[in-house]
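Pasting a structure here, questions to come.
Each chain carries a letter (A, B, C and D) given by its place in the written order, and its residues are counted from 1.
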Amino acid sequence: MREAIAAHVRDGDTVVIEGFTHLICFAAGHEIIRQGRRDLTLCRLTPDLIYDQMIAVGCARKLVFSWAGNPGAGSLHAFRRAVEGKGPPLQLEEYSHFGMVARLSAGASRLPFWTMRNYSGTDLPAVNPAIRTVTCPYTGEILATVPALNPDVTVVHAQRSDAQGNAQIWGLLGVQKEAAFASERVIVVVEELVDQSVIRSDPNRTVIPGMIVDAVVVEPWGAHPSYAQGYYDRDNEFYIAWEGVSRDSAALSRYLEEFVYGVEDRRAYVVRCGGLERLRAAERVCAGVNYGF
Amino acid sequence: MREAIAAHVRDGDTVVIEGFTHLICFAAGHEIIRQGRRDLTLCRLTPDLIYDQMIAVGCARKLVFSWAGNPGAGSLHAFRRAVEGKGPPLQLEEYSHFGMVARLSAGASRLPFWTMRNYSGTDLPAVNPAIRTVTCPYTGEILATVPALNPDVTVVHAQRSDAQGNAQIWGLLGVQKEAAFASERVIVVVEELVDQSVIRSDPNRTVIPGMIVDAVVVEPWGAHPSYAQGYYDRDNEFYIAWEGVSRDSAALSRYLEEFVYGVEDRRAYVVRCGGLERLRAAERVCAGVNYGF
Amino acid sequence: MKPSYSPAEMMTVVAARELSDGEVVFVGIGLPNLACNLARETHAPELVLIYESGAVGAVPERLPVSIGDPALVTGSLMVCSMADVFQCFLQNGRIQVGLLGAAQIDRYGNINTTVVGEYIAPSVRLPGSGGAAEIAIHAGRIVVIARLDRRVFRERVDFVTSPGRRAQRHGGSIGSTRVITDKAVLESDPESGELVLAALYPGVDAAEVAAGVGWELHSLGRLAEVSSPTDQELQLLREVLDPKRLYLKR
Amino acid sequence: MKPSYSPAEMMTVVAARELSDGEVVFVGIGLPNLACNLARETHAPELVLIYESGAVGAVPERLPVSIGDPALVTGSLMVCSMADVFQCFLQNGRIQVGLLGAAQIDRYGNINTTVVGEYIAPSVRLPGSGGAAEIAIHAGRIVVIARLDRRVFRERVDFVTSPGRRAQRHGGSIGSTRVITDKAVLESDPESGELVLAALYPGVDAAEVAAGVGWELHSLGRLAEVSSPTDQELQLLREVLDPKRLYLKR
């Protein structure tokens, strides 16, 4: 991870660490914090705890997002302090989920914009001039548009890949495929490195092809406290406890000292957390299908 | 199948039987021929043999397509006779594959059009006024557009579904998802009806949700001479032999008498073909994945 | 007499009864999720739950803490990308009901979940739209769950995240909005789009509802009465659906 | 002396040599497919084959008869929807080489696979574009395989299915076109986009090539010479890749 972040994430970059609740790569975010990156434009539908931490330490110049909360548990307080004028300033560029998905879809297709039927009656376009309109060349209808998002680097966490980064994901797919194809550089982080024959045995599960991948990092538990379907559960207690930690900036600093700056890498983080085995997934293995002819 | 076609396919309808080489539902096409539907607008990327047969018997008023050949083997001669002025007339509306995919993507999203970077330098827009342009509201770039395609009815052949039509496909996916979501009515035809628990055991394989499905037909070998990955191989000999059959309109009529009009249903067709077991797929079953948490 | 159930329980039960069997519902987390699960356990076993995370036909074995919980995936009918959720399901018009929360809601059903105060330099920064803006625009009808409070039910919201009086859409109909509060149900007038009092909970009078609303609340000519939660509904909520009182405690 | 190999074999071998190891190639069926498989078996084992049907990194165990053959799926790296093929791979600029056939090709590399004669009432109706129009527009460079014949190599084609002299694209570069014939290789001039003679096959002179071309054929100042198929190349083609002579017989 250290080498992948050092090589592919630069000060001033537009960075996407995607994953909708599922497969959020905290390991990559922590390494970016440790390496002291600055002036990043952080983009994600749901900034989640990892971007809150990155905002807290000053990695971010700007946040591009659509829902900034701690799902089911409360607020992202470092984010709120920044926006409510009680912390270091942070530029915002705000969409809805569909808008962010559309921006990445345009980016993945290398089109300059994407069209939606959306935003009429909302105040979002009033505060975000990037939300515009286009006239349908057939019906004359006026539709909403958002501009393509083409990040400098995207991190995708996947359950497994081969050494070339052909990555397979099951469970929630989020916008990882779109984000990866939209990006100049792609880092794939996996729970498990498998032989290419495993990938080739079930090609319909491949979400990211190795040809667009710049680095492959093997990092078990790399998504904790997020989760990896079939590997480990979401650490809901951590998310609930975060409300208290992040509300108090001193407590947040202590957390970061202990679990981010105070560990060398993900392996050390897992040791320091202790007891993560309690989150190990139960067995619910589906049957395979026949690819023969 | 008889009831599903009788209930959902009407004279004058815009009909899509999709499947790119894989999972082309010949059984549905044959039943439409037997029921004598007229004035259909037939849409498919690759009309393939099944639309050639439907054109030959006069089901079609219009063909909307992007590649009209017998892949690897020759021509669609009923189609060619119509277009070359040697048979009953047929209106054409012609795109490229990307254009057809884009039309169905727009239809599935209920947008009136879809945007592409395409067609500059080609003569396609000169012969198809539905190919137009739009100006990007961000860059000023002029991009190509195609109008949404929203068929009256779409037939999707799948390897398996439950009784509600939650359908799973593996191997080539073509544009079946887009076609089904774009359509007013959807007929799902499956090789195998399975218990819903099978579908629910591997939800990432579901391509068509039952909520958009109007009829489910169980029809083993329903795609022959096309194929169903994991069930039976493509009947390449049939495709190669078709070049000779379709070139001679009398031979084509004899074929239709024997294998379409002369059989009551798909079961009888399979018996008449004889020896289809030679196409039965070999076993290449992949391992399952863990959906536990 | 104090009722033997909490306001949160009542709101959940009333929201559940809003849902018809076989409907396709776009579900948020918290009380909306509980309401859907209650409906599935009672009168609407064929209710189809869709989450913006991509889980379709979810049958969660435990109460999900987030809309991306792994329990929404295991045993669901389909998992698709978020692009498909928003384009093929929502924008396509396949969602019959959208359930939304609200930090502020105005006379015309406009909802704010973005900021309290000015957008630039707000006094409280809320999470923002998520999928709410497009749910409000595309779902067939909208059910909002919010407690009566003049700081919430306002003449004007500080920011319109999700539009209320909704434009006529491709389907040709204007979807209704129903607001499930802790004391009554409000409903959008089909002509004006204004939220009016539609039904009262047991033991509540109209004045009490009006006191929690920041505009002059009109009401339907004939108010419906909402019955209390049944023993079965309460038992399901307390013992099966949220035994840890994760959402019902609030 | 008559060579010990057929024109189809020579074209396939030369096309294979056009491909570099590790490149991503958009493959059509027939000779292009054979050429890719020959390249994989010789100098380019890491060539990535993409078919418009959605198979990525295919390793067909038998010679596919169609671009949707099940053998392209079994053991491939990825199978995706056609929307992804055209948007995320092709339009995205991820395809380095596109292989195309041609019924007619003109001085500027415009290709016709649509009609002979007028579009309305053609004398011969051809299959049409398929994915060829967008391959020609978006692939990094184009390799065309076609036999020399004045009915094929024409001053003007009857219909431009796939554009030749290609506009500057988002990447900023103008992709080249190389045409592999049965006697020589033509190549697009980077300035004018005109196809000029680039290399001759053994025993062929420029006049023989010019005789098969319907415009005044210019040539590069210094022509490359193409070597004959090696024994290994011929053996692979004849014994391993197309033992039934499905494509090589033609």
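Note that in this section contacts are C-beta pairs under 8 Å (C-beta built on N, C-alpha and C of every residue); 3 or more make two chains touch, one makes a residue touch a chain.
In this text the structure is predicted, and so the values were computed from the model without any measurement.
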Check: In how few steps can one go from chain A to chain B if every step must land on a touching chain?
Finding: 1
Note to self: Farthest chain from chain A, going by the mean of C-alpha atoms per chain?
What the structure shows: D
Checklist line | Chain pair with the higher count of C-beta pairs in contact (A-D, B-D) | finding: B-D
Checklist line | Gap in Å, rounded to a whole number, between the CA centres of chain D and chain B | finding: 28
Check: chain B to chain C: how many Å between their CA centres?
Finding: 40
Next item on the list: Let me have the rounded angstrom distance from the C-alpha centre of chain C over to the C-alpha centre of chain D, please.
Entry: 58
Check: Considering chain B alone, which of its residues make contact with at least two other chains?
Finding: 110-111, 116-117, 170-171, 173, 177-178, 201, 204, 227, 229, 233-234, 281, 284, 291-293
Next item on the list: Hunt down the residues of chain D that sit against at least two other chains at once, touch-wise.
Entry: 55, 70, 73-74, 79-80, 91, 170
Check: Who touches whom among the chains?
Finding: A-B, A-C, A-D, B-C, B-D
Item checked: For the chain A and chain B complex, residues of the former touching the latter -> 110-117, 130, 132-139, 141, 143, 145, 147, 159, 170-171, 173, 198, 201-202, 204-205, 227, 229-231, 233-234, 281-293
Margin query: For the complex, give me every residue of chain D touching chain A.
Written below: 24, 48, 55-57, 59, 70-71, 73-80, 84, 87-88, 91-94, 170
Margin query: Residue numbers of chain C touching chain A in their complex, please.
Written below: 29-30, 52-55, 64-70, 73-74, 79-83, 86, 90-91, 110, 114, 119, 121-134, 137-138, 159-167, 170
Margin query: Taking the touch rule as given, give the residues of chain A at its contact with chain D in the complex, in rising order.
Written below: 108-111, 166, 177-178, 181, 196, 199-201, 203-204, 206, 209-212, 291-293
Next item on the list: State the interface residues of chain A toward chain C in the complex, per the touch definition above.
Entry: 20-22, 45-46, 65-69, 71-73, 75, 79-80, 83-85, 94-98, 101-102, 105, 116-124, 127, 170-175, 177-178, 227, 229, 233-234, 236, 239-240, 281, 284
